[in-house]
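What follows is a pair of complexes built around chain A, which joins chain B in one and chain C in the other.
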Partner chain A sequence: MTGGVRLARLAPPLTLAILLGPLAFGLAGTALPALGYLPELGGAGFTLQHFSDLAAVPGIFRSAMLSIVIGLVTTLVALGAVAAFVASDLGSPAFTRMRRMISPLLSVPHAAAAFGLAFLIAPSGMIMRLFSPWATGLDQPPDLLIVNDPLALSMMAGLIVKEIPFLFLVTLAALPQTRHAETMRLGRSLGYGRIASFTLLLWPPLYRQVRLAVFAVVAYASSVVDVALILGPHLPPTLPVRLIDWMNDPELESRFLASAGAVAQLGVTLLALLGWVGFEKTGAFLVRISRDAGRRWRHDAALRIGARTVMVASAAIVFGGIAVLALWSVSGLWQFPDALPSGFSLRSWMQALPRMSGPLATTLAVAGLSTLIALVLTILCLEREYETGRGRGGGALLLIYLPLIVPQISFMFGLQVLSIWLGVDASFPALVLAHLVFVLPYVFLSLSDPWRAHDRRHDLIAAGLGMSRSRTLIAIRLPMLTRAILTAAAVGFSVSVGQYLPTVLIGAGRLTTVTTEAVALAAGGNRRVIGVYAFMQTLLPFLAFSIATGLPGLVFRNRRGLRV
Partner chain B sequence: MRMDSVIETQGLVLDDVRIRLGERLLVGLDARVRRGETLTVMGPSGSGKSTLLAYLGGFLDPVFCASGKVFVDGLDLTALEAEKRHAGILFQDPLLFPHLSVADNIAIAIPEDVRGRSQRRALADAALADADLAGFGDRDPDTLSGGQKARVALQRVLMSRPRLLLLDEPFSKLDANLREQTRQMVFDRARRAGLPVVLVTHDAEDARAAGGPVHKVDPA
Partner chain C sequence: MLKSPILFAGALTAALALSHAAKAADPNPRDWDAVLAEAKGQTVYFNAWGGSENINSYIGWAGETLKERFGVEVVHVKLDDTASAVAKVLAEKTAGKNEGGSVDLIWINGENFASMKRQQLLMSPDWTTGLPNWTYVDHENKPTILTDFTIATDGLESPWGGAKMVFFHDTARTPAESMPKSSAELLKWTQDNLGRFSYPQPPDFIGSSFLKQVLIETIADKSKLSQPVTDASFDEDVAPLFAYLDTLHPNLWRGGKAYPQNYPDMKQKLADGELDIIFAFNPSEASAGIAAGELPDTVRSFAYTDGTLGNTHFVAIPYNAAAKAGALVLANFLISPEAQARKQDPSIWGDPTVLSMDKLSTDERAAFDALDLGIATLKPDQLGPALDEPHPDWMERIEGEWLKRYGAAN
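Let's turn to the complex of A and B:
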């Protein structure tokens, strides 16, 4: 192959720098103050004092334990439901229906889903209203701590309903690389039940492919901030929430404590991941015992019904939550036990919109720009991979997943310190860069499969016609992959819209987005305003995905070969 | 029960089996396959002959409509779930499970009434030796040759003590010389095990080697 696209040579090193640079500098920027080094605040020497201060904080170990448990339980339930559902219904019409129903949920930001859940299950929430007073006899909301419960049950529920679509879609993407239909038939013709056939025969090769994504879920759930602020326990909160409190403490000394805590968060997430590896080993051991005994597990109906119930419930909760958010945003007076508001009004929107325009513009600009950069880099990286035939190994995949597995808070802290030091905090380019660290992996993961699956013979024909590589890319490959590119763009856009922590830390309160504004409203509890912001937060990714699915149909309306 | 009535119910009986897709009749079949005998169903690809195997195995896609009954040795399989039919299948590919050793690929097929890991392993090793693969037990299935994989797949399905054997063009992907050899082996073993066999193929050579009745399915 001659020449190639010249710019593409720069893309892989640049991409690596964008992914790993902030990670490395961020971790260093967290570790140094944790060890006492932060000259601006008078920390010139190195000390372990801040770690012993951290250990002396009341309830700190409970906070840390809580984070580990949340990471493990969330992942176990979400992955278990997804795996059991795939095992139970793969290839059936119900499976196709579930796929259609679950896919759009991926674009719903975590914070919006969490608000939706809170609006459903709170003592004065929709579910209680639907059953009151006729079934419960209540005309006052009961005095129960459902949301923000100390065991973090509602927080885990909020995370589970959002991680199920992610794990489901990741599993669906890995399925075509296995001979799933024949393998399931083979297993059942050997007398194994559906769940057993799947677990013994299909899951081991499948899990190998989704493992990094599962790790990302463990890491995310053990270090999440926005969902914890909305649904998580208060006394004590999970570790990441305490870190944010210290970070925002006007007492600057707290920064040292926060930094030590961010390093501890790294350890907490690592422990959660180790705990998960322990689950893997235990699971593999149990599977081996069952396999060696030839147990057939033909009676798996209860498990299958359970998995379906969890899947349907998770979709119903997210959709129902969003509907209730929308309802609140246009409600007038809405007293407890009424299931519907007694009047509708656009007042909340009229009041919120002028104040929202700034954050909205920032949201759109940051999401648009970071997605565009991520898309260009990804396309050039994939083009380079095509030209050289290198870079699709497991190592490359691990590097792409790394920013999703290292807890955000542990390196975003350091980046904030760094950005203040460089004087670029609350600057637009720094915010775009911070979002890019998370947008880029998702855009890459979303686009790489269709890119690699694209029929190479089209490129060979183009070369035979005398087209240069750049011309082939622009005239042949990109147009043919329009749908995949737009989908990847929509994924990147929604990831950026949903980012809370990087925006709060790098934006430093001066650059705010719809998401940071929405989460900030959590403490206030004004449901109408929350409804407006959280609904808007859901609307933006939804619009992006609508464009991604609708536009190609319009552009290629006379090209049957490019329709789906 | 009288002797002839036992003989009467031996083997596989397809009682007025009809499979439709919408209005179109794909397969209409009334047949009896005695133990050790092979019924060959021939037809071009897309003619619905694999649908028949899916029906017999209990995997028929709900878009198809099926009527009729299937009996093996007098037992009605029609309403049973796939995992309760004991219908062994050989596909075009051997489909050895890539994450299990060669011996475990066979051991997993052994019914659960055979207890104890060592006993199951011994059975698997014996099955391997029987297929001239003694000592291959701990190998990665991916390191086996095409012919060796085909033999492991055959031993695996026989080890599951099936009531009948379904062959879905199992020789079509093999080299010409290997194909003849594998055919011989499969039909030999099926005969020895006294299994009724249904073979689906588009290769007249397969039908000739099978030696039993042939049912032709019309092209779509």
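Let's turn to the complex of A and C:
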């Protein structure tokens, strides 16, 4: 018993060390070469030369601006759609249906969704094929710049369809902490439209809960690499894509430029976040004006239909994209304007499957282990918080979110140098640790709310019956929270499966996962092979989510109170 | 919970100590039996571009064969860009890891080789000419085996395959006789067929090769290309190239506002009907694409009358490789007549051999003669002359110039 208590006391500092240690060392490892310090390349002193080199790169400001705009627009549209949808459909059958689709939508990796979207909307893509030649009269695709457009519209669309399920999930998690049904009824009875009732009464407390997750979306969209490679503009590409090019440049001196760029990326993401804070202030101001003017916004049908359309369309795009990629994985020759392949073949699967076993085993082991560690640490942290009775501090929460907000690319390179220096690169423990940096925040965030919402009176009764604290945890709280724990595990598992950059850099190419294999093969641009891997990449998280939702029902089939 | 970090640190110290103790002289290929003995039980991390399933299967086969015959394990580290392996060796040098590195063998040529050679990141001195199978290599008639993009290989990289730029088109859409036979004719063709041609965006290897092809055809004094760039005359030397590109770009696919990513992307776009003419660095790519059901069987190849770029690709061993003996055994196996004949088979890969047919035994030659090179593959005499690669300096400068002029066009 005392052992358990002591462990719980160690958990919070250990968790912070795991999250912030790699972050701090990684940032230092990036900042030093950016300032000219990399002795093996002849950089012994400190200089700002590399930053002025960076500023002289053609189109660099456009690249940076693009990243900022993409971060802001993506988040604005995705969050707006989610908020409007929740406002207009909370409690409706459409809402329940959407809620059921979240897990499969979250299971589809960003890159796979981007590939799917690219093939749907390209001039020679699926939509065009369905309407050609009978409706369009075309037997040759039109020469239109849709994918990779200079304004990054297709890239933002690709990001929006994937951020919507994430923001929806976060919002759903926060909803139970508000008295949403009563609040909405109050607003409606005062004559406000649904969206106005929601915006004026429910949104302020709700937004406070999801704010950090929204920040994470801004940061992610402004620093994403894989989606930008597939859908983003080319001339010039966004800043993170240029960074990767410099890091991969055979002229090793480009390393300095890449490091300076990684520091600049940190600034770009920070600017995007500041821009978002500006949006928040503007939004709050507009809401106040409308509120003080007393406008009821009763006729909001257009907005509500719009929100529902965006939600349905985003789900349709993600599912449609994956379905088409799955079709590619078994297709033979498939030319424009054929709506279906002229032949089917299992060749891609036959070639890929035998070589997938190694990466698959690594994926499962790393994801399983990092999720397990994250779960144990999270539970111990929450248990400690429960014991001390100290609520969450906003500061502590920010620290947990930090690895999700600081761009991966800005600290992963430094972390790679550090791991080589320690001689632990390409080792399994180092890879698990690198994944843990990203798995832990998600697990913590998914589990903390249900944990805190747990009814303390169960523990009081247990204590009254003479149970020790550890025993209460094991016999009462853990079983009652099984569903939440499994869901958190599924989230952590899928986050680990999706990690590309940390796996490539720390795994040093020796430890490969399904995702790193998928990206390496995607370099070959072969849609059939991409289809095979995208399918596998989606399947793993999907299985995890299915287990999380199905298992409790099975285990608790004779515990009526724990069924849903 | 508290114990594990200490254990971990302990294991780390032990591992570091071991790697220092293991310091030994590099294996000598001229004492082949010793190499074989040392290689047995080693694991070779072969860093090679992993974007093609055909090639991945071939490397898988080589690995299995090596394990069977010599007890050497081969792990294919699939790269999306060769330069990342170069960067990895550099990162290791940065961290002072001069032994036990994570890269044992790299598939390499051109600027990556030049960069590694200059930074002294390669195992030296000359080891390739000591390999037992070097006797079959056609270094007399294939000058690109000894000079990689005008840089002397000095035995620091062992040849693996040949490459030559060839163009493909679909005869179902475009007649063979309308195909251009030079860069100048290509420019004219694009004027008549707007939006039906493009090239991968530099610094993609194939895209940069296209720029070099045009450079060779347009530069006033070709002899300059075998030397590093002269700063004073650079602008003047490349003026015809960029005049050509300025005229070409508005005629390109998407009006030159976006470019295909790489060769496989172009191949997909040929099948999608977005492009009419594409090109590759492997003469049998079209036949391989037909065999794999990726291209229609009406696709055919053509080359320029006055020649197209030709080069050789190699494998090299980093200076700090952990399994040098194993890497030597693999490099030697890759230039064996058996492995080379299999590699040239279009249904396997279709990569041209670096061996000399005259140096092979009758049986070994028969294996090559029996290959069906495929319906869309040009015969050696139809491929046209091979043009030498310019000094890598040119490629770098042209890529930089390209980026400056067109990289931020929007």
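Definition applied: the second predicted complex is superposed on the first by the 551 of 564 C-alpha atoms of A that agree within 3 Å, B and C clash if a C-alpha of one lies under 4 Å from a C-alpha of the other, contacts with A are read in each partner's own complex, and residues count from 1 in each chain.
Basically, a residue touches a chain if its C-beta (ideal position, glycine included) is under 8 Å from a C-beta of that chain, and two chains touch if they have at least 3 such contacts.
Source: prediction; values computed, not measured.
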Query - Combined model on chain A: chain C and chain B, fit or clash - result: fit
Query raised in the report: Thinking of the overlay built on chain A, is A:R510 touched by chain B (first), by chain C (second), by both, or by neither?
Result: second
Report task. Pick one for A:I461: touches chain B only (first), chain C only (second), both, or neither. Result -> neither
Query raised in the report: On chain A, which partner touches more residues: chain B or chain C?
Result: C
Requested in this report: With the two complexes superposed on chain A, say which partner A:I305 touches: chain B (first), chain C (second), both, or neither.
Outcome: neither
Query raised in the report: For A:A453, is the partner it touches chain B (first), chain C (second), both, or none of the two (neither)?
Result: neither
Query raised in the report: Which partner does A:P141 contact after superposing on A: first (chain B), second (chain C), both, neither?
Result: second
Query raised in the report: Hey, in the superposed model, what angle do you get at chain A between chain B and chain C, Cα centres, nearest 10 degrees?
Result: 160
**Report entry** Partner chain in contact with A:D249 - chain B first, chain C second, else both or neither
**Finding:** second
Requested in this report: Could you say whether A:Q351 touches chain B, chain C, both of them, or neither, answering first, second, both or neither?
Outcome: second
Requested in this report: Give one of first, second, both or neither to describe whether A:A316 is in contact with chain B, with chain C, with both, or with none.
Outcome: neither
Report summary line: In whole Å, chain B and chain C in the superposition are separated at their closest C-alpha atoms by 45
Query raised in the report: Taking the two structures together, which residues of chain A meet both chain B and chain C?
Result: none
Report task. Would you pull the chain A residues touching chain C in the complex into a rising list? Result -> 7, 10, 14, 38-41, 58-59, 62, 122-124, 139-141, 143-145, 147-150, 229, 233-236, 245, 247-252, 255, 331-337, 343, 345, 347-348, 351-352, 355, 416-417, 420-426, 429, 504, 508-510, 512, 516-517, 519-529
**Report entry** chain B contact footprint on chain A (complex, rising order)
**Finding:** 91-93, 179, 182-183, 185-186, 188-194, 197, 200-201, 204-205, 291-296, 298
Report summary line: chain B contacts chain A in the complex at 57-59, 61-62, 81-89, 91, 93, 95, 97-99, 104, 107-112, 114-115, 117, 120, 156-157, 160, 162, 166
Query raised in the report: Within the complex, which stretch of chain C touches chain A?
Result: 1-2, 8, 12, 15-16, 19, 45, 47, 49-53, 56-57, 60, 75, 77-88, 90-97, 102, 111-112, 114-115, 119, 173, 194-195, 201, 203, 253-255, 257-259, 261-262, 264-265, 267-269, 271-274, 292-296, 396, 403-404, 406-410
